Structures are given as C-alpha cells and as structure tokens.
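In what follows, subunit A forms one complex with subunit B and a second complex with subunit C.
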Partner chain A sequence: MLSPSVLLYIAFVAMPLVAAITLSFFKWDLLTAPQFAGLANFVELATDGTTFRAIGNTFLFAIATVIFHMVGGLLLAIALNRPLNRLLRKVLSAAIFFPVLMSWAAVSLIWRYALDPNFGFVNYYLKQLGLTPPNWFADASSAMPSLIGIDVWHSLGYTMVILLAGLQSIPPTLYEAARLDGAGPVRQFWSVTVPLLSPTLLFASIISFVGAFQIFDPMFIITKGGPDNSTLSVVQDVYYSAFRDFDMGYASAKSLIIVAVILIVTMLQLRLSKRWVNYDK
Partner chain B sequence: MSATERVLRRRRSSIQGSRLARYAVTIVLAVIAILMFLPIYWLIVTSITEPEHAFSLPPEWFPLHITSASYASSFDLIPFAVQIMNSIEVTTIVVIGQLLTSSLAAYAFARLKFRGRDGLFTVFLVALMVPLQVTVIPIFILMRTLGLLDTQVSLWLPVLLSVFGIFFLRQHFLSLPDELEDAAKIDGAGHWRILFQILLPLSGPILAALAIFSALVTWNDFFWPNIMITSPDKMTVPVGLVFLQAGLSGAPAVVVFAAIATVTIPLLVLFLIAQESIMRGIALAGVSR
Partner chain C sequence: MNKHKSRRRLSLAFASLAVSATMLVGCSAASGGGVESTAGPADSKIGGTLTFLAQGDAATAKNDPLAAEFEKKYPDVDVKIEYSATKTWDAFFSDLQTRLAAGKNYDLIYLPTEGERLLASKGLVQPLDSWIARDKSEMDAFYADANPTIVEDAKEKSSTDGSTYYIPYLFNTMGMYVNKSTFENAGVPLPTAGWTWDDFRATCEALQKASVQYCFDASSGYFDGISPWLATNGADVMNADWDQATADTPQAIEAATFTRGLVADGLTPVPGGSYDQNALFAQGKIAMIGGGAWPTTSLLAANLKLSDFEIVPWPTQTQQGSPVGWGAQAMLKSSNNKEAAWAYIKFLTSPEAQDLIGANRLNDAIPVLQSSIDKAKATNPEGYSYLFDALDYATPVPGPAAALAVQQTVQEKYLSILTGNSSPEQGMKDMNSAISDEIK
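Right after this comes the complex of A and B.
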C-alpha cells in the first residue's frame, strides 16, 4: 500500500533533492558534459550582488505580507465573527474570500491593467480625489509595495478564513466569564482572544511566510524583477539562472537557499510554539 | 438630575454608542468587501464592453455597449478551449491520484505495523520542507532525459504524491477507533476492504477538503507548467493567459480580460453555489497543515 508513495517519494523528492545538492558542485549548461567545479558555485554565490538583492526583496515581501495578513485577517475575522445577518455575512465573506480562488496569473494581469497609468481606473479615481498616483510598477521605490498590496488583495481572505475558524473554536463561556468579571471588549480581546488564538496566529504566520518566500508569479508576469532588480525574488533568480542562463549548477546552489530558509523558519516555529504559545483550551 | 438618573442616562448613551460602533464596523466591512470585489466586477464588465469603450475613463460601470467579440477573439488567438481541457484533465488526474496515493499511504502509516514505520513517516515529513521550486531543476532534467518535456505527464506525474495529504489523512485515521474494524477483521476483511469500505466512507469532509485544496493548487499553478510546457496547445489556463498577453505581441487588453473572465465567471458561480463547503474545506486543510 505504501509502494506507490515510496516510489514517487524516491523519484520526485529524495532523488531530486540529492541531485540538486550534487549539481551545486558542478557546472552544467545541459549541452556539454557536466564539469566538477568544487565550491566555485558557492564562492560565486557569496559575491553575487543580484542574489543578495533577491534575498532582501523576498524577505521584505514575506515579512510585509505576513504583517498585513495577520493584522488585516484578524480584524476582518473578528468583524465577521460578530452576530450578523446570515445573508450579509455570506455576501461579505464571499467578496473578501473570492480572490483566493483565482490564479496568480489572472490576478497579476488584472492588476497590471488596473494600475496602468493611461487606462487603469485606480489612477483615474486617485486623480479625481486630488491625489498624485505613484508610478506603481515603473519606479524602483513603489514596485515592491505595489506587489505587496496585490498579494494582500489576493490572499487576505485565506488568512481571514483560518483565523475565523480559530476564533470559532474559542468557547463562548470564556467571554461570558470575562464579562462577568467586568472585562470590556478591549480587555476581552487581549485576555481571551489573543492567548487562545496564539497557536492559530503562529501557525498562520508561518505558512504565510513560507508561502510568500516562494513567490514567483507576480514578479515574473508584471515586473520581470525590475525596475533595477527591485522586485526580483529568490525563486525568480533561480529560474533565470536555470532556464535563461542554463547554468544548472549555479541555479541549484541558489535553490538551496530556499531550503535553508524554510528549515530555519520551521525550527523557529517549533521553538516558539514551545515557549510562548498557549495551547490550554 | 439625581445621581441614579445620571447613571441611567450614561448607560443608555453607552448602549447607543456601542450599537453605533457596531453599525460602523459593519459599514467599514461592507466598504472593504466592495473594494475587494471591484477589480473582479471591472474585469467582467470590461470583457463584455465593445473594445473602443472598454477602457474609457471613468469606466463604464454599467455596460452600455455590450459585445461578445473579445471572447471570440481570445478563442481565435490561442487554442484556449484546448488549454481549458488540458487544465481540467491535469487537475482531475492530480486530485484523484493524490487522494488515492494519500489514502493508501495514510492507512499504512496509521494501521499497519512494520519495522521502521515511524522513521519512514518522519522521512516523508521532510518533504514538506522541500518545495517544488528546489526540486524543479533535477525534475526538469529527468523529464528532458525521458523525453517527457512539453507533455501532460510532466505536469501531473511529479505532483502525484502529496505528503500533506498523507499527513492529514493519517491524523484522521488515527482519530477513528480501532474497534470499527475489529468486526470486519473477524469476518476476514483485508486491508483494502477496511480502507475502502470502513475508513474512507467515514472521511468525507477530510477527502473533500483535500480535493478542494489540491484542485485549487493544481488548477492555478503557473510556475511548473511554465517551465515544462512550450507548445500553446499543451499549455494549461494560467500559462495560456500569460502567453496571450505577453507571448503574442498584440493581444489587446480586452481580449486578455475576456479570456480571464471565461475562467473566472464559472469559478465565481461554482463558489457561490458551494461557498460554505469550499471555505470550510480551505479552513480545514489550512488549519491542519
């Protein structure tokens, strides 16, 4: 019963992982024979300004989106968890959640046009309000914030739904007890909601971070990593090395950065969840 | 005014105040919901507006010049119908394949007793930390060697294993009491019958959550097919959309919008019909990850 999974695991997880590590010690352009290069790829990596830029960009993207997702998702989840008309709740949550179901490809193309300086409707209304719209994807200073904003639009509903499920698992008797003790809404939030939701919050921020660290589509489709490498992501950097420059060894070495970051974050998660997260229910 | 009256009045005004605050929160929520949906509404309205009016400013929020011409153009410019079929095929194969391999493996990890079982399970869990973005280069080379590049096999074979699915189902099987199977075992039922006739029928919501999650990921994936596929008639929808916009210099924005709307409108209808189960499935799969 295990054999299909074991075979698939060997073929598409274990062997490729070993191969990626092995390849990182070689130079190979897929046309000529691979050549052993020792640590050359890693030496190159240590001095590659573009890759460092990509790592910085990706951390910025991941940290910013996690913060917006957690704060925004929590506020929305709390607002939707109040007594509300059923139909109203259904319509509101549908509108906020629906973008989650759309592909990044569709989302990127829609926003590319929505933020177009000539025919996008966003600039038109900003100007109507007397504001000067930024150059969105055209300026190195505003391109990454624009992508972060699009990610929040696309994925906020996902965090909201997870946190909403977390909120609904908090027993209402705890709020009643807090009210009887004279706790107001703010006190209830900090003394009941936050501690009981902390496992869900930690977990949601970790998956949000790990997902965001692997971001590729919007950068590839909208900005091509530019302007001036200001939106180049790590996965995109790996992609260009492998499938544009056909430098398979160097690309493999770079891709190990992703494993390292995920490994560190997972370790951190285990540590943190032991230290401060309240699992008592 | 007596002291009691003052207290009463203050309490009354604070109740009114909190009711006002509640309405204010609902209004803010409604504004956010409208703003979130606005780009999708704009997409759909633009896609059915005559090209010369499509991007007029301010936008024609109520379409007056309706046409289906952009839809026809999108199907003319790229083999979009074929691409939609490709996406449906690949998604179906991946969902069914993942449910099958995950169920079998989860049963083995939850119910069979063999040496090294827990060690092997830990080895499997390591895969959760190795994303496709890392294994893509060796798998690309493997597919190239096998002559499978630019085929549908290269899209579904490497993702037929879902370690998350195994983990998720195993947890669920462990929560089901062993006694359920004891009677069946006495009757001589084998593992396959126990799995398919006892455990899986009790796993409906879990299987549904897994299916929704895996269908969503596969249907929307751009990274993998963008690397494996080069021929337009082998592409899946997300790659086709980007190809329509960038690969052929010249597809007008309205045509791209029509193509996006072609896949977004059915998704929206499906979502409105099954909103509860889709959101519950996503939350369930999300929370247990």
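Right after this comes the complex of A and C.
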C-alpha cells in the first residue's frame, strides 16, 4: 500500500518530471499529435542565445536577491530581536512581513503604477529633489535592478521571520557567557550569533535561491522580459516556448535544464555549508 | 536486498515511462480530433446542447445577450458557454490550446483574426461552405448588407486552402477619441476627418501651449500603438501574405520617427509604466486617445457623457489607414452538434444580433452590417461610423502561425523606440530582423 503522501508525490512531482523528460524528445504544439524528435530539442537549446541570456539574468537576479535577503533579513531580525516594546515589535514585524502576503500580480501592478515615469509618485518626488530618475522598467540598465528592489520589498519579510526564529532559538546564556569573557557586540555576533545561526542561514539561503531561480510573475507582468531580454527569466523563457510558441517539447527540454541548475547549485550550497555551518548547540 | 531495491527502482522507472507514453498517446488522441462534414438537409432539426468557449469573466458569463436571444429563437437548444478569464489574446490562446490538449471539446470557439489561420491550418476547424450554399438566401441577405472587404478578408486571410472557415460578425478598427471640453477650454479647434500628421502635430503643440498636460497617449501597443501610424503611411510590420517582415521600410521608419518625436517633445507620456488612460482623458490631462469601440464603455464609466467626446479618423500621412481585427466563431470538426453550431453562426450575422452588438458595444466591438451601424449611432459617440468606414481602407492585423510572438516582438521593439533606447531606424531594423526570426 502506498501512503497518501507518496501518491501525492507521484502525482505532482514524479509523473510531471517523467512526462517532461519524455516530452523533451518530442515536438508537440498541443493541437496536433506529438512527433518524436530525438535530441533535436537539446541541439536547438545548445545554440539558443535567448535561453542563455535568460539563465544569466536569472543567476544575476538570484544572487542579488539572496545577498539582499540574507543581509537585509539578518539586520532586520537582529533589530527586532533586541529588547523592544512587545507591541512595537509586533507592529514592526507585521509591517515588514505584510508584503509577503500580497500576490505577485498585485505587487507588480502597484509598482508599475508607482514607478511610472509620468504619473508615478516615486519619480514625482525624485524630480522635486532635483534628480533625473530613469524610466525604471524601460531602460535596460535600470529594469533588472528595479525588479530586484521590488523582490526585496516583497519577500524580505519572509527571510526576516525565518532568521528571527533562528535568533530566538539561541540560548541567552551563551551571550551572557561571552559578555563575562569580555566579548563586545561585534565579537558576540561573529562568535555566537553567526555560528549558531548558520543552519538557519543555510536554509534561508537555499530557500531564497530556489525561489529566486523560479521567478516569473514580476518579469511577466511588469517588463515582459524586456527591454531586449534584459529581464527575461528562465521560467518565463520556458513559458514563452510552451504557451506562446506552443513548442511543448522544447519547453520541457528547457525545464530540465532549470531542474539541473537548481540541483547543482543546491548541492554546491550543501557541500560548501560543511565548511561554515555549525550544527552543535 | 540491494538487488531487490534496484529491481524496484527499475520497475518504477518503467512504470513512469509507461505513464508518460500513455499520456502522449492521450495527447495525440486529444489533438487534432474531429471529422470534416457537410451540411445536412435544410430542414435539419436544431436542438440539443451547444457548447462554446469565449474570452470573458464571471460577470460576462452571467449575462450574454446574444446567447439569450439565440435560445429564445431556438428554444430546443441549450447554450453552454465556458469563459476563459483571460485579458489578452495570447493568454486566451494559451488557455484554449491547453483546454484542447486536455481533451475538452467545444462546438464553437470565438476567435480573433490572430488565431484563425493557425487553427484552420491545424485541421481543427470545419469549413462552412456547404452550409453557406445550403442557406444561400439567408446568407445573401447578410452579404448584401455586410461590409464586403471584411467578409472577403476573413475568407482569404484566415484560410490556407480557399475554404470559408469563418464568417466575421464583429470587428475593431482604430479611430482618434477627442475630449471636446479639453479642446474647448484650450481654445484649440477640434480635428476633422482628413487631417494630416502635420495637423496632428500642430494641434498637439497648440494644446501644449494652452497647458494641456499631454495631447495624446502614444501607446507602445501593437494594434492600438504602432499599427495606425504605419497604416496611415502605407506601411505595416508584415507583408499582405504574412510571410515576410516589412518593418524596416522607409515609410515604417518615418512613422516610428514621427511618434518618437511626440514622446521626445513631451507631447505624450513616456511609455514604460502604468496609468489609467481613460481617467486621465476624462480629467482633461490627455486630450486624445486611440481606440476602436472599446474606450466608449470605459469613458462612460469614468463619468463622461456621450456628448463629451467624439471620434475622428486617424490623421494621415500618405493615405487613410487603420488596422482591423475581426472576430468569428470557429465551428470545430469535433463538434457534436454542427447544425446548432451553424445556426448560432448564422444567428450572429442576422440583423437582430448585429443590432444588439452595435447598440450595446458587445465584446467592445462593432457590428459588420451597415444597417446596424446606422441604428447604433444613438448609443455611441459622434463619429462612431468612421470606425465602420475605416473597413474600406483598413489593413488586417497580421495573423501568421507565430502571431503572438510577432506581436510581442513588435511591442518590445516599439517601446524601445518610443523611450529613446533605440533610434527609430535601428529599432525598426531590429524589429524586422526579430519578426523574420519568429516566422521562420
């Protein structure tokens, strides 16, 4: 007998994965019968500049957001972990976490309006300060940084909550002992906080990276991957192959590349973590 | 133990592959199904269930006047409409193809120009010629009143073998919506039919001088953005056969240069973000916007009255021009109720359905019968008939197999031109090259 969880796993993970592997050897437009294509999809993929561009963009986005999430999330978590009025702490935590509860579609539309070059309030105030703001989403140089900024605004609260939970699990006696040994705040941070928080940091970094590598909504809604593919993400590239060009086989081949990349990077993170993650308490 | 585990894994792998193979067989069964038929006898019984797919939301689903009217006329037919809650045609096509691949069957599917040739070329759509021949007298009445250009275009452009797959029953062209009070307050004369790009530019400069924030909204869109400017200069992004890119002609570059000039000189908002075009038009912050039938409903919702605005033809450079996109119902070969499907297609071409479309701006579109246009004038803004007159010179919006990719490419490259990231010449050359890649 298979347990319900195994059945769900087979239905929603194993079967789609096997189907994607199988489809990657076919040409299929959804409307007519699939045609076996051998390795043609993979050969095409090897010379597809757009997909390589999308992979590069997604790495840039993922690395930048992981850095901002880890650094920003940790700073906010430390700030909220200090002795604070209980109500104030709850209000601040809720305020920082609130954007996480909003759908990406709503967030994307809000920022498209907020950063509109003509009527958006951001450019209005920047102009009042005598600055010349860019056309955030239409200039290749500012489009990706804008999307990274929006992602940080939207998702930082999630990383912050994970890290705050990690900080709160560190026994206060260790800080007390460190203080008695003469350790200042900086020394306490590096000698107590970071080692004991390292498993949580590793978890948060993997979750952030995997989430960032699967980014789709803001690119699709705000920039459509432009200008000049400068914000095209790999998942968006797969979506266009599948549901704009109706080439399901090629889209499946691209999906497998994403799986492989995420697998390799996660394995790399886990391997490197042996050097800096401390599981002793 | 290890051997046992390996065997189990191998069995699982084979089982998974078997499942995939079954899925693919299922895919082939679901795709491209249906048999071509011909019309039954003239007195064929019309009844049963008629299912069709259209773009719309739950609110539309509750109230479809055309379906309700059809059921009144054919009480034995139960119309079941499934709405695809999508906002754009590319999203609709994605939804449609996914539904068909999943094995869903419909008697009819509403299609815009962009998807008609694709579906017909895949062998999914039933040719209608035998039904048209059978019900000749009724169809002759339609052809006598309908605009002949759109009927002919729909037959030629959306077919790959000369058969008639679609009968257009509504359409949109592009006209210029003008806020009369904005012009009056600025002391600038209202534009009139026959105005030119130079007149348009002069009007914009006069409005700017009178402190109107923006004279026009230069959309970076495809149908409502670049297309009318290209059409009024004798250009288009593709040739008439939709098999070659023509976006880098001198006329096309001239059109792009003109619109980039409007943005660069602050006469229109810079594209790149989002704002409520209709609200700004109603507030007098934007004096003119482009559109077909669809802005009227939104402008009335923004508290304007029909008398507050009017429509004039697009300003011309070398010729009158407009894009045109039409809508038609595709009868699927796999339909289980082709006689009822044909009855519905025929009903949509009838004066009663056409009058409903015109008077209520159903589907935010315009009916194809001249007589319905005349009746719809009372519930539409002044100049409404210009949108119908434009059919005489309008260019069908390209609908090659890669229509969605072409549209996206055009929008992206045009945005780059309007925002000054590419020069008009380079931008249109890039557009041409990208379209050529997409239609290979």
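Of note:
Criterion: the second predicted complex is superposed on the first by the 265 of 281 C-alpha atoms of A that agree within 3 Å, B and C clash if a C-alpha of one lies under 4 Å from a C-alpha of the other, contacts with A are read in each partner's own complex, and residues count from 1 in each chain.
Convention: contacts are C-beta pairs under 8 Å (C-beta built on N, C-alpha and C of every residue); 3 or more make two chains touch, one makes a residue touch a chain.
Just so you know, these numbers come straight off a predicted model, no measurement behind them.
Once subunit A is used to superpose the two complexes, subunit B occupies space that clashes with subunit C. Look at A:L115: by the touch rule set out above, it reaches subunit C but stays clear of subunit B. Contacts of A:R244 after superposition: subunit C is touched, whereas subunit B is not reached. With both complexes superposed, B is the one of subunit B and subunit C in contact with more subunit A residues.
With both structures placed on the common chain, the touch criterion links A:A19 to subunit B and to subunit C. Applying the stated contact rule after C-alpha superposition, one finds that A:L31 touches subunit C and leaves subunit B untouched. Of the two partner chains placed by the overlay, only subunit B lies in contact with A:I258; subunit C stays clear of it. Applying the stated contact rule after C-alpha superposition, one finds that A:N135 touches subunit C and leaves subunit B untouched.
Of the two partner chains, subunit B is the only one that A:A94 touches; subunit C does not reach it. Residue overlap on subunit A between the subunit B contacts of one complex and the subunit C contacts of the other covers 15, 19, 23, 30, 109, 113, 119, 243.
Interface residues of subunit A facing subunit B in the complex, by the touch rule stated above, are 1-2, 4-6, 8-9, 11-13, 15-17, 19-20, 23, 30, 76, 79-80, 82, 84, 88, 90-106, 108-111, 113-114, 119, 121, 124-125, 128, 153, 156-158, 161-162, 164-166, 200, 203-204, 207, 214, 216-217, 220-221, 235, 238-239, 242-243, 248, 251-252, 255-256, 258-259, 262-263, 266.
Of all residues in subunit B, those touching subunit A in their complex are 22, 25-26, 28-30, 32-34, 36-37, 39-40, 42-43, 55, 57-59, 100-102, 104-105, 107-109, 112, 120, 123-124, 127, 129-131, 133-142, 144, 157-161, 163, 166, 191-192, 195, 216, 219-223, 226-227, 237-239, 241-242, 245-246, 253, 256-257, 260, 263-264, 267-268, 271-272, 275, 278-279, 282-284, 286-287, 289.
Across the complex, subunit A meets subunit C through its residues 14-15, 18-19, 21-23, 26, 28-34, 109, 112-113, 115-120, 135-140, 224-228, 240, 243-246.
Interface residues of subunit C facing subunit A in the complex, by the touch rule stated above, are 16-17, 19-21, 23-24, 27-28, 31-32, 90, 93-94, 97-98, 100-101, 119, 122-124, 214, 269-275, 280, 402, 404-405, 408, 411-412, 415-416, 419, 421.
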